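Dropping a structure here in structure tokens format, bear with me for questions.
Note that the chains take the letters A, B, C and D in the order they are written out, and that residue 1 is the start of every chain.
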């Protein structure tokens, strides 16, 4: 009985409420990220990208002031992300939802974006389907198939490898990486000798690496989340003699981020990775970005999260300029569709069909340059789209 | 004594802890209405024997029979439900519960209504009244609604007994009911024992020989884990072996 | 296949020894002092950060960074023990749980504040890198080093607790505080020393772990589960138990992942539950 | 039976008094309605607090009343959450109330099976067995990502309007009405349980498990019963979370969630039901406020709060408040 009464009251009050109570002179951007917990570093780096962009471009666009409201999800919690998105919309009256380091959190919030008709800028979450969950979702990061399908093809065609073993972390992104690399590789004519999945919080890789060694592949393809695992798995491979040039190591770029390179040392030489952002890429825009970023963050180098946040803010700024300050979701998403610009990572654009990012995929190899280890670009594959959109 | 009359019997009960044989081939019989005392010097294995009979320890050999049924493999709680209940030498109570609650709990368990999670406790009126009556019998009526931990030590010893009585025992094993209680109060405790209904058989451990001789109809003397002698008090009192056992160890009474 | 078996056993044993060094300190404090210190992993994290900082900022060699980590964790823990933990010895286990969880939160935030959220790589000296090749087998040098360290710690602890005056005092203080006090043993100080020892070992374990599992502010929480598993399986207060338990879990984990990767992630938990159902006190537990 | 009783108390009346509603309790539940009128933008938070409170009550029933310390209760929360989610996403059944009941029943059934293991162990082994089983379930759900959606979460959950009338709105009016109603019913059930003869038996187990067999108690069966009930209530809480957010992911089964709920419960105070509600309220409210102010370091303050509570209110916030109230009165 109480329930009926509550429900009736709830509906009555809810319908009578309007959401137009936001100030006209500010554009509020609600940023939802896992600032605490195991993914705090991703949030931290992404947030630094946002801050850098705003420091460089001011907080005024189209006559309005940009205000960022930050919310912490505390880890991969879709229910919290969804609630925060809802609260940002109904309580704080935000115009734009942004952030989203993790796929489940982006999926949780997408429904709110759809229902409240707010632009949702996905600055990292890298599963293809994310942008399909809300017509207002736009992605400025990368998708895993985008990088790895391309990489799989390259591995056979250019990398000179005919058979390989895959070893990925046992969670959504790992599964995506495994399937898209394998797809690209086998479509081009290669053969997958075997695939293993490692627990996400795996402290020790020796058993899996030994399994790889047993099948004696020409190459091993690795996908692990960033953080402590890249160095650990890299060292485990080399300890067992699975190292270039005898066995090629292919991976997504997390494996050779600067801290991992420092930890692995010379053993990292020859690892080939696929990525959309290369720290050392010789380009004035990139050099300026990296210098400013290091300056603002105690010499910490930017990574994929940073560039996702940075370009995400660029998209928000440019879209607002285009709409002349109109913050409605429809206007902003229209403005975002087809937008193209030069990012520190290279030329990128937003596919008007899928609202997903189109960008250059870089194939890099770890080499020693001037006494330090770097990811040296072997090949640039321009204008790559996510191969899964529309595929199912 | 014919075992046919015995309510409780043990047959060849033995138990060892490592190399130490604490119970050695003990066969005793407790007839209906018995008031038997279990005595012996420290370390004679009195409490161990109680533990074995009550089911808190498993014997290495031998049997426990209750009304002729072999209950050796039966769990403690099941023995209690069949009418074989013990008390503890060291208070084993529920510190935060009031005596009223504790005894009511025992009554509810006996009646099999302790699993009724859907009924408010207050609706079990009969159980509550019965437990209140038991507490009244033991002069605990005034403190029935105070937490057990606030009770005086002597009152806690009475509550030990009240919990056992609430199970409606047919055989009651009392492990030093007056342990640690001043002499005048311990007489009071034993007057409760004396006032128990005729049909309850009692086996009690007690060190105070005055009390033993006042209350026991027969005495079982344990020494080194085995039965030394079992007889009426007057015979036991004059038995030289008993004196011998008690000499050398601390004197009681 | 035999060669692989050897290498899997070796890797598993080395991983187990890492778990051992991380957890043996908790086994000592939990088993001997009955204090549930869920912040044990936080002292491990402290040791890790101290070692990394000592090497990068102060240029300490690795072998000097290890005792530095031990000392730092031991010293900090004594401060905590004297000022805070000692009030909790009689406060009940739930309060100990809540308090030390709170400490884990605080330490993670402090680590984030001081060191940032990023990974802290450790750069080993050359002689600890690479592997030793025996026939067709390759043994990681660092893993050999880990095993050697763990064996040395075990020997020292077993010897120390069972053969020295201090060990006798610790055991006396634990068995019966009042009697120990009556014998003129300063129980307070014994507890402080024991706690420092336990936490120092955690710090040392943290420093050793960085190379294998990395280091960031979530370390304290993340490895808590593993540490608890080793302590429970080994049995409270037993150094030998922790050693055997850790070795068993390490080998089981690695072998399981190698031979049946499909259930690789369950195996350690399955072993935990199975062992505790058969031996609730752990393999070597007495109480 | 005896006329030696000299006291005037009516024992049954005294027992009844122990479970009587106080004005404070009524006020508390009325206050739970306040968000509808005064804080309508906090309804989703209020709804998630209600879910956490129900979960904490389920843990209080075993931890606070029966002395079973658990670090794996998210297992049942998650089973309830996935049951409710899968009913909608895979079976196409989005009716919330029947879905919720099925979620609770599912968790209760698993709880019953698990209870056979739980009653075999005590102390550290008990904690570790609950923890191990919880982590096993988590890994199992991850391995069965074809069913559960793995770390990305289950997609395609669509919960129908309650009674076919009240759809789950953006503001959370329906969500909070629903969760509050279920919380209240769950609380009433828990309250009845702890005030029953069975609840008395549980307190007996907590106070002195050694005595229980000596009064003829089949206490292991009592433990199994309460563990099953607790699991079912945890499942209800999980189901509620799924239904009010349309999401469920592995996180609902995580060690973090198991640990959080225990922290909330101890924070509020164990063994008094309101401690569970209050703990969830304080923990989540403080966390929400702090993380709003300082998204990166809020847990520093949460940690500090936990430590301070232990040092100054060893019986939790509720215990501290009770003592404070007693002092001002006296």
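Of note:
By definition in this document, contacts are C-beta pairs under 8 Å (C-beta built on N, C-alpha and C of every residue); 3 or more make two chains touch, one makes a residue touch a chain.
Just so we're clear, the structure is a prediction, and the values are computed from it rather than from any experiment.
Of the two interfaces, B-D and C-D, the higher number of touching C-beta pairs belongs to B-D. Ranking every chain by how far its Cα centroid lies from the centroid of chain B, the top place goes to A. Chain centres defined as mean CA positions place D nearest to the mean of all protein CA atoms. The mean-CA centres of chain B and chain D are about 41 angstrom from one another, to the nearest whole unit. Per-chain CA centroids place chain C at a distance of 33 Å from chain D.
In terms of their C-alpha centroids, the spacing between chain A and chain D amounts to 36 Å. In chain B, no residue reaches two or more other chains under the touch definition.
In chain C, the residues touching two or more other chains are 112, 265. Shared interface positions of chain D, i.e. residues touching 2 or more other chains, are given as 139, 142-143, 296, 299. Pairwise, the chains that make contact are A-C, A-D, B-D, C-D.
Across the interface of their complex, chain A is touched by residues 4, 7-8, 11-12, 14-15, 18, 112, 116-123, 129-131, 138, 140, 211-218, 222-223, 226, 253-258, 261, 264-265 of chain C. Touching chain D in their complex are the following residues of chain C: 30, 84, 87-88, 91-95, 97-99, 101-110, 112-113, 225, 228-229, 231-232, 236, 262, 265-266, 269-270, 272-273, 276-277, 280-282. Those residues of chain D that touch chain B in the shared complex are 1-2, 4-7, 9, 11-16, 19, 192-193, 195-201, 203-204, 207-208, 210-219, 221-222, 225, 229.
In the complex of the two chains, the chain A residues touching chain C come out as 37-38, 40-41, 43-45, 170, 196-199, 201-204, 206-208, 210-211, 214, 227-229, 231-232, 235, 238-241, 259-260, 262-263, 265, 267, 298, 300. Residues 54-56, 75-77, 80-81, 85-88, 92-97, 100-102, 104-106, 108-110, 113-122, 124-125, 127-133, 136-137, 139, 141-142, 144-145, 163-164, 166-167 of chain B touch chain D in their complex.
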